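Below are structures written as structure tokens.
Shared between the two complexes below is chain A, which has chain B as its partner in the first and chain C in the second.
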Partner chain A sequence: MFFLKMAIKNLSRHKRRTVITALIIAFAILIYILTEGLMIGMTEMSFDNIINLESGHLQVANQDYWDDRRELPLRDLIRPSAAVESELKQTEGFVDLTKRLNFSVNLNNGIDELPVTGVGIEPGQDSQVFELEQHLVEGRMPEADSSEIIMGAKLAELMDFSLGDFAIMLIRTEEKTFNTIDGEIVGLFNTPHPSLNESNIFSSLSTAQQRLNVEDKISHYVLRLEDQDQAVNAAASLTGRLEGELNAYSWRDAAESLVTMLEMQEIETQVILAIILTMAAVGIVNTVILSALERMEEIGMMKALGMHQREIVYTFMGEAAGIGIIGGVMGIIMGSLGLWIFNLNGIDMSALTGGGDINYGFPLSGTIYAGWEISSFIFVFVYGVFVSILASIFPALWAARKDPVKAIYHR
Partner chain B sequence: MSLIKLRGLEKTYQQGKIAVPALRGIDLEIESGEFTTIFGPSGSGKTTLLNMIGCLDKSTAGEIIFDEHSINDLNNKELAEVRRYNLGFIFQSYNLIPVLTAFENVEFAIRLIEKHSKKERRDRVMSLLEEVGLGEMANRRPNELSGGQKQRVAIARALIKEPKLVLADEPTANLDSETSQEVLELMKEMNRESNTTFIFSTHDPQVMDYARRLIEIKDGKITNDQRRD
Partner chain C sequence: MFKAKVNKQKLIFFSTAAVLMLLLLSFNSALLAQDLTADEIINRRDENEYVITAYSEAEMIIKNSGRTQTKTMRSWQDGDNALAEFTNPRDRGTRFLKRDDDLWMFFPQAEDLVKISGHMLEQGMMGSDFSYQDMLESDKLTELYDFELLGEEEYEGRPAYKLEGVKVPGKEVSYYRRVVWIDRERFVGLKEELYAESGRLLKVATVLNVEEIEGRWYPTRMIMENKLRQNTSTEFIVNEIQFEPELPEDIFTLERLR
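And now, the complex of A and B:
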């Protein structure tokens, strides 16, 4: 306690120097909190977009279909059955389910052709699982058994389509023969999921099944649960209960490339923190060396009184910890303030990307808001104090190892 | 009983490739309770001798016996232990910790011993500060004290742990003659009361007047050793 008290008093010797060194740590913590906050915000929004617009909480598909799903195959489809659906409804936290059929489309406007993804949906029921309908900017959802389609407003603009136009969708049936859906555009949507806006067309499931000649087969079931955190366990348990080749996949499985990317981003954030805190550590080293040089005679006196090297090192480490704590508190306050300002209006994603449609692979667009986690705050605070203490050890050892005679007479 | 025995003590400093002898074979015995002054011109080796006796520096040759134990083979940690429990130091420039009060500066030395309760510590520190005439100034920081008062705090700090030996390197060098006299009187009184051994290094005649034993050192050798009653 006495050494702690002395460390605190020593910090008051050069208040300006203490504050400046603490500010470097605070700055590092501020950058980390803002970067981490942005990452948390982007992650949460990305996952929400994937769940609400692309994958739902759970998908049930044939195992072989799932492996090749990005190629949009028409083999290994599922024939819906009441028994399977009954089993799906037994899933813990089950809210609702819908059926979907994904297929490959070449969208033609009479001049240009663009490869896109067609999705056959159950009008009415789809809205119980997905939020696509909420993002319609014009028109309405397609009706069952009709040739009506909806597409992203951006895609429509690119292909020069307007509401009420007919778009030719070139498709290949299961037998590889060509067919078309002459789809009437009854709705245009603009979701916060950019790739959905740019490359997905939604039609009635029954129409898609009929034109693709797949009878009543679907590519997968999609389930909505009460909570996204239930999905991983629910998928494992459901897979165990499902018969045949059917497997359940959580939204995390569906977004595996995004999860990997976010993990990489997390490492990147940690590296940024490590670099900035290393810079702060140089400040700490400098401060401890300056303090030691100024107090060489005191150090000599302490050694003459019989203080051990270890105790002298502890005194300097205590001071460095004090600087770390001051910097940590300042950093947390500055970071919290930064997040609050950040979230007042959010940040327009397009502003971050220079006004373009680049999204760096994140399934989000529009205004983003930062998130925060108490664990991140605790981590960065503890890490800042730890780095401060660590940085002080070598200069403190240097000071403590000084020959007492040389220290007393400052030779 | 001898508190300190020095046998053929030598100390040579290496300055680049040149060996500079500071002590050249010192033989000396100091009894418990002595009030001794080591004097001599600058560079004669008195501070080096004081540092050797104070376990702050190691000799090149010869033997140092402190309280019947040879300290020649002790490592730095063991030497620190000897200093912690047995020695008190008074420096020319006081070497007080500027951020601590007079009370805390004195308390600092006794805290290292860790054998007293908080109340015991407080009582001992206050009683000693009152003894050195600073009872009213216990809460002042060094920059609020005069040179003489600072040296009194340093004396209290040296004596608080009741050491066997107090070493004082030019303790009056920064004080005017009146204050020097007060400080010397104080140390002599402490010596009388507690039988603590005092060794001074000085070239101040006033200090020599107070000493009961005068040891003159020149070119690293004792040239005169005279006891006065």
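And now, the complex of A and C:
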């Protein structure tokens, strides 16, 4: 274990150089932790928004409906039945369920028309599954069997509506015939889910069903479970138990495009980390060559006294590992500190986008907070040390292969 | 004199003698017996206005909140298909192709072919008050609606039948109810009101000018108002129309649309 002692001693011989080299690694880790933290934060908040405001944990719909669901068809709807509902209640971790009917609406204010998504909800029951009611900024939720509606405060502002106004909703029935709902605006909401604020109108389910001539049919059931991690397995087992064309879809299926986007983002973060650590690796190579050069006589002497070439390489690798560990510890401390400062106030999404409505495709708005995972801390620490060691191997081999006589005379 | 006119018409429409015979027969019987059923009145109008094969040049004056745009176009059509091409400088080369129940649009600047479907069908065509969906509905009205004769009244100085059509259950049509005023002598529509299922008036089409072209009365100027939106209207003026022209071959194909 002589070479280990040597490595530790060598580290303290040029403290300033060691610290500066370690700092490069520390900075790489800091940037990774901050980027990853922001990503984790945005991901968690996006998923929360989707679950709490758009998809719930599980949705049950006809298979054909699900494929075309973005077009808001009135085909392939499902007729609620006690048998299906009791089956749904058997789901592991079941908390509550509600029925919804999505339909396409042309919202009209007498001057302009805007295509939006209408959602028929069960007043009262909907709040057991979704958090929409908590985001009301004015008024209240629509009552059952009434033509009351609620919409995003932003949409209302755009269409020049205020509380108590009547909005004409031009819809097409199942037979494609025009029908209208004179919706009285009884509530305005402002959720952290931007597309909900901009393009969704909620009305009572029974009114929507009656005006769309779909009898008592609904587009899907939505279930809330105890935990979001149960959803994927629950969807699979529920699909197996449900009869006919009914399928269960987890919130991950609903947020399919977001999941894909996040996977791409993850790769992007890894690439950034790799580039920064490559730069750090150049620093390590430089440090090892420098210390090898200035210790050339020493190396020659040790080789002459019988030290193996392998042990000399280990000494340099040990030194590099030491730099990696110091840098890693500094980086993690700096990163944690950075995250803590970041999360004191969070960051306003609109500040990031210059006050615009751009959200980079994330279903979130308002203030974002970073998240963190212990596994990504461990990963980046190990990765940093590994890159340091890897970078030291070649310069160490170069130094260790020197002929002892030539090394002593520094030639 | 009436006989002479019949002969003249027969000559012009020699190629479609059979169709014309039917039309003329009903014309005669109409003069003999004034009490036509609601469906007969609608069919008589459709025989005048519902063009099988035609070439036309028209202009569209679109008014929207104080702004006026004029668009000109030429169009070709046969039974199930139609092609329209805009000729005003701003939209020159923009083409619409209707084939059976599908509608495509071609933008020359982008050299892009777009199929219009779903939500887009409900938008006004080129910013007008005619929706794309309105363009697609070409089935016989009497098959889609149960018509009832409400009475006879004078409309803008012309004697007219007033009829009401209510959608036949199970048929896919845009408007639940329509009220039409049809000229009692010329059998052309003078005014039409289109209602939603809830009873709300959605659109009103008013015919401003009727001309006798190639022996049939044809509305050449009409105005469409969207009653859900203030200060918008679209005026449609037919400058030239030829019935039964020779259509270029393959005109209604996607290849020709590009």
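As a working rule, the second predicted complex is superposed on the first by the 410 of 411 C-alpha atoms of A that agree within 3 Å, B and C clash if a C-alpha of one lies under 4 Å from a C-alpha of the other, contacts with A are read in each partner's own complex, and residues count from 1 in each chain.
In this text, contacts are C-beta pairs under 8 Å (C-beta built on N, C-alpha and C of every residue); 3 or more make two chains touch, one makes a residue touch a chain.
The structure displayed is predicted, hence computed values, not measured ones.
**Q** In the superposed model built on chain A, check whether chain B and chain C fit or clash.
**A** fit
**Q** With the two structures laid over each other on chain A, which partner does A:Gly110 touch: chain B (first), chain C (second), both, or neither?
**A** second
**Q** Examine A:Gly41 and indicate which partner it touches, taking first as chain B and second as chain C; both and neither are also allowed.
**A** Touch partners of A:Gly41: none, neither chain B nor chain C.
**Q** In the overlay, answer first, second, both or neither for which of chain B and chain C A:Glu71 touches.
**A** The second partner, chain C, only.
**Q** Which partner does A:Gly120 contact after superposing on A: first (chain B), second (chain C), both, neither?
**A** Touch partners of A:Gly120: none, neither chain B nor chain C.
**Q** With the two complexes superposed on chain A, say which partner A:Thr173 touches: chain B (first), chain C (second), both, or neither.
**A** Only chain C; A:Thr173 stays clear of chain B.
**Q** Which partner does A:Asn10 contact after superposing on A: first (chain B), second (chain C), both, neither?
**A** In the superposition, A:Asn10 contacts chain B only.
**Q** Mind computing the angle chain B to chain A to chain C from the CA centres, in steps of 10 degrees?
**A** So the angle at the centre of chain A is 140 degrees.
**Q** Once the structures are superposed on A, label A:Phe2 by its partner contacts, choosing first (chain B), second (chain C), both or neither.
**A** In the superposed model, A:Phe2 contacts chain B only, not chain C.
**Q** After the two structures are laid over each other on chain A, how near do the C-alpha atoms of chain B and chain C get, in Å?
**A** After superposing on chain A, chain B and chain C come no closer than 69 Å at C-alpha.
**Q** So which bits of chain A does chain B touch that chain C touches too?
**A** Chain A residues touching both partners: none found.
**Q** List the residues on chain A that touch chain B in their complex, please.
**A** 2, 6, 9-10, 12-13, 297-298, 300-301, 303-309, 311, 403-405, 408
**Q** Which residues of chain C touch chain A in the complex?
**A** Where chain C meets chain A, its residues are 65, 118-119, 122, 167, 170-176, 196-198, 200, 202, 228-231.
**Q** Can you list the chain A residues touching chain C in their complex?
**A** 71, 104, 106, 108, 110-113, 115, 168, 170, 172-173, 175-182, 211, 213
**Q** Write out the stretch or stretches of chain B touching chain A in their complex.
**A** Touch list, chain B to chain A: 51, 54, 56-57, 76-77, 80-85, 87, 89, 91, 93, 95, 97-100, 107-109, 111-112, 157.
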